[in-house]
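See the structures that follow.
There are two complexes below, and they share chain A, which is joined by chain B in the first and by chain C in the second.
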Partner chain A sequence: MVWSDRIAAGSAFLAAVIAGFVLPDWMISLATIAFANGLVVLGLIVMWRAGLVSFGQALYYCMGGYAVALIGRWGGVTDALLLVLLGGLSAAGVAFVVGFLLARYREIFFAMLSLALSMILYGLLVKTESLGSTDGLNVTAPTFLGYAPHQEELLVALYFLVLVVCATAALLISAYFRSLAGALAIPVRDNELRVEFMGMSVSRLIHTKLVISGLLAGTGGALVALAIGHVDPNMSYWTTSGEFVFITILAGAGSVGAAFIGSLAFESVRSFAFTMLPQLWQMLLGSVLLLTILFLPQGLGSLIQRLHWGRKAKAP
Partner chain B sequence: MLSAFAVLIDGLVYAAYLFIVAIGLTLIFGVMKILNVAHGSFYTFGAYGAASAVGIYFNRGLPEAGGYLLMVLFAMGLGLVLGLILERGIMRWVYGRDEVVMVLVTYAAFLILEDVVILVWGPGSYAAYQPLLAAGNIEIGELVLSNYDLGLIAIATVLAAACYWGLKFTRYGRLLTAVIFDRETAAAFGINVKVVFAVTFAIGAMLGALGGAIMAPKIAVTLGIGVEVIVLAFAVVAIGGMGSIEGALAGALIVGICRAATVHLIPQVELFVIYAVMALVLTIRPYGLFVRAKPRKI
Partner chain C sequence: MNSPILSVRNLGKRFGLLFAARDITVSIPVQQTVGVIGANGAGKTTFINMITGHLRPTNGTIHFEGRDITGLPCRQIKGMGISRSFQVAQIFPSLTVFENMCTAAAIGRAPHTFIGHVCTPLRSRESVVEAETLLELFQIAPYRDRLAATLPQGIRKLLDIGMALAGSPRLLLLDEPTSGISIEEKFSLMQVIMSALNSRKCTVLFVEHDMDIIEGFAERVLAFYDGTVIADGTPAATLADPRVQTLISGPKVRCAVGAAAHV
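Coming up: the complex of A and B.
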């Protein structure tokens, strides 16, 4: 990482921490959800770099959320950090298992097969009475190492938890991008047969990426479950996955920070659009997606780069 | 014995519906290599269009046969217009981009069209049951079947035969086969690929709308019906092999029978049996029953 990037990332984190003390409650809860969803987007970026788009990320997202709800209910665990960890790990476990099937596919087959898998979970949840069916489950209020806050304090505590988890994830993932396995993502996208000729196993690389993105999505889902206090099968519906893909396209896969900024922008626009023009929300989404694909194929993040280098940067 | 027969008939009815919905999707994919998420919108527009047509036509004492015709024609007309708008307005700008990018473009179109439906028909739901009632019932043994359902099976059979005949024995069908096989070589031999694309997309859209139209009397036409259809149609197409007409037929039959069997025997797993079958087929044949794996390019 370049020094200027480190300073930018550090000051962004500092700004987010300060925001936790000054902003009104509704903005904090919006930011909590947005940053938690940013983790899912980060997972999509991990795969996007290898040329894979998953339309089924909701599978892991929902898995993480339900794991938190069920472990809290049946296991009696209330510690937030432990719950989030368990949620992420159970989603990573699912990703590991389905990875044996998914890692064989590319392009739209990969996209649609992952979608189908998330719909299996949706179907199971809707039909299972003991898991709350379509009503879903309530999540018990979490504690933080014995500290049991209520109402506003809980809101702020969760916000800081999300910040810490996101910062950790961002650091680890940018380290992964610089590692050999992470750097091989782009060669895999360009021509995977050549990568195999060099002696690497592409399917193992992709399997690893799947588990990482599953872990991130599960963690995101776990955090959202804690923040909302409720999980339902819609977390696994394919339109949920579609929204994550949408944010990824919008943000572009250029950097780790783009995931969180993109997610924050998305949540803000959504809460605005839901109150101002609820009937036109999807049309707005679709139009922005279309315009981004047509005119900004590298995402909104590329705008900043273009400003930096003026005319030198070219669209691919 | 009775329940086996019931499963068979229910399965065939459901398979007929799935086939009609899936064939447009697989046609567009086979020719253009676009997985068209907006197919769900064509279905929705077809269903709403048919519901409007039914609302206008029935209860006026006019002969019922005309109602069926109007319903189907109106929906397919809508599909044609919508398909051409989408192809000329949006899709042609992204030809040649990644397949995944084109999926996203059609997804964007799908989102936009979902709200267009609200703008045109409003958020309420429509009922169009009159054609179903007018068709009446028939008793076979102890089983009471709707003539409408049996008609559905007939329509699907005719459609399958028409597709087979159209692809194998007409000039346009042969051009299409050439384009499916190799787009660039076909273009080099003087086939106007642009026109083929536009026509194919329009036909696919009309088939999607037809699927919506024939289902309209059997369901409550309401928001969000297209969302389920697209995932379902994809499952069917993936089982048979993307882009293969025989595959769509086989996939529809497999899914239809499996679903009917589970509805009768273990109704709890109804929703997910389709995807379970799909996952099972794909673990054995990764690209579906009727498509061979492509050699990888170096």
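Coming up: the complex of A and C.
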């Protein structure tokens, strides 16, 4: 990472931490959900760079959420960090298994197959009475290394947990993007034949990306489950996946930070539109997406890069 | 000339009823530069595809440095030290020239394990140095920061071959390195390629349609016709072979404007 990037990332993190102490509760809970969803978007960006669009991230998102609810209920685990880890890992496990199938498909077939898999989970959950059917399950309030906060305190504690998890994910994923396996995303998108001839296995590279994006989506789902205190089958419905793709287009695949900025922008626009124009909020979101595609085809993240270049251009 | 680096015995490939290659037996010593000629559809690319593991031979064996590599997947064969370039340059259009080369250099140096690929940075100091060196060697350093999609044909070819040379292969197979290049430019392009490959002490096999280039650069020539080798020897001997003249080189020489003046 360039120094200026590190400083920018560091100050963004610091600003987010300070915000946790000063902002009103409703904003904190909005940001908690937005940053947790940002993890799912980050996972989509990992695949997007290799030219793959998944319309089924809700599968892993829902897995992560249900894992938290069930492990809390049956296993008696209440520690938030442990629950989030287990939620992420169970989604990554699912991604590893379905990855053997998905890694063989590209483009629209990949998108639709991933959508189909998430709808199978939706169907199973709706049909299973012991998992709460369409009502879903409640998630017991988590503890933090023995500390058991309530109400506002819980809200703030979860916010900080989300911040820590997101910062860790952002650091690890930007290291991954700089690694050979991560940087080969664009070559894989451009010319798979050449990548194979250079001695790399394309299907293994893609399988790795699937597991990483499953892990991120599951972690996001686990955090959201803790924040809302409830999970239901809609977490796996295709519109949920569609929303994540929507945010990814809004954010752009240019940088790791874009995932979180894009997600925060989306949640803010949605909550604003929902209160101001209750009947028209979907139309407003649609217009935002349209404007993004028309005027910022590289997403909101490209605004940051433009600032960056502006600065570089001025330097002697 | 010492022990063979590549030795191919009774190699054959059948597509349905068509024999794209049959009964090819060739042995190539270390550091020889071998030219391959033959009309369109004679089986030259098929021959290369079998050695690099892109196609599985129907019969016969391939030994590289004494080891049997018949039917191994192309990834593994690349790892053992055989690399290739393509009839149509295979590069990554949305990366810059430098990024293309750096990717090839990084793959060439990375340990061949899954963890190795996740832990190796793309731009390690060594792979950046290797990429810069190869750009200089192939004289494409001035194009360093151009997107590969926007390159002229000759530069694409040089980049493709430069990428094949990253990771120091010991045998390099070039499929028509000068295809799509104008007659005037062919010779100088080939000169750049060959001096780069010779400086790396690579054994080279290249496919070429232009007999002047063959005479200028090959130490030995294999003539392919209908899937098999009909002549094998020094350029002078092979090109003088009456079967080669009637089946392969004859019409080509008459076509080539420059060559016609000499005949």
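To be clear about the criterion, the second predicted complex is superposed on the first by the 300 of 316 C-alpha atoms of A that agree within 3 Å, B and C clash if a C-alpha of one lies under 4 Å from a C-alpha of the other, contacts with A are read in each partner's own complex, and residues count from 1 in each chain.
The criterion applied here is as follows: a contact is a pair of C-beta atoms (placed from the backbone, for glycine too) under 8 Å apart; a residue touches a chain by one contact, two chains touch by 3 or more.
In this text the structure is predicted, and so the values were computed from the model without any measurement.
Colleague: Chain A superposed: clash or fit between chain B and chain C?
Modeller: Overlaying the two complexes on chain A (C-alpha atoms) leaves chain C and chain B fitting together cleanly.
Colleague: With both complexes superposed on chain A, which partner does A:Met200 reach: first (chain B), second (chain C), both or neither?
Modeller: Once the two structures are laid over each other on A, A:Met200 reaches chain C alone.
Colleague: Taking the superposition as given, does A:Thr208 touch the first partner, chain B, the second, chain C, both, or neither?
Modeller: Touch status of A:Thr208: second partner only.
Colleague: Per the contact definition in the header, classify A:Ile108: touching chain B only (first), chain C only (second), both, or neither.
Modeller: The first partner, chain B, only.
Colleague: Which partner does A:Val126 reach: the first (chain B), the second (chain C), both, or neither?
Modeller: first
Colleague: Return the chain, chain B or chain C, that is in touch with more residues of chain A.
Modeller: The partner with more contacted residues on chain A is B.
Colleague: On the A-aligned overlay, A:Asp190 touches which partner chain: chain B = first, chain C = second, or both, or neither?
Modeller: second
Colleague: Could you say whether A:Leu180 touches chain B, chain C, both of them, or neither, answering first, second, both or neither?
Modeller: A:Leu180: touches chain C, not chain B.
Colleague: Kindly classify A:Thr239 by the partners it touches after superposition: chain B alone (first), chain C alone (second), both, or neither?
Modeller: first
Colleague: Pick one for A:Ala19: touches chain B only (first), chain C only (second), both, or neither.
Modeller: Touch partners of A:Ala19: none, neither chain B nor chain C.
Colleague: Using the touch definition from the top, say if A:Leu285 reaches chain B (first), chain C (second), both or neither.
Modeller: first
Colleague: Using the superposed model, give me the angle at chain A's CA centre between the CA centres of chain B and chain C, as a multiple of 10 °.
Modeller: About 80 degrees, rounded to the nearest 10.
Colleague: By how many Å are the closest C-alpha atoms of chain B and chain C apart after the superposition?
Modeller: 7
Colleague: Per the definitions at the top, what is the overlap between the chain A residues touching chain B and those touching chain C?
Modeller: Correct list for chain A: 191, 193-194.
Colleague: Sort out for me which residues of chain C touch chain A in the complex.
Modeller: Of all residues in chain C, those touching chain A are 52, 54, 74-75, 78-79, 83-84, 90-95, 103-104, 106-108, 110, 112, 114, 117-123, 163, 167.
Colleague: Which residues, counting only chain A, touch chain B once they are in their complex?
Modeller: My answer: residues 51, 53, 55, 101, 104-105, 107-109, 111-113, 115-117, 119-120, 122-124, 126-127, 191-194, 238-239, 242, 245, 249, 279-283, 285-287, 289-290, 293-294, 297.
Colleague: Enumerate the contact residues on chain B facing chain A in the complex.
Modeller: Those in contact with chain A are residues 35, 90, 93-94, 98-101, 103-105, 107-116, 118-119, 123, 227, 231, 234-235, 238, 242, 268-272, 275-276, 278-279, 282-283, 286-287, 296-298.
Colleague: What part of chain A is in contact with chain C in the complex they form?
Modeller: 176, 178-184, 186-187, 189-191, 193-194, 196-201, 204-205, 208
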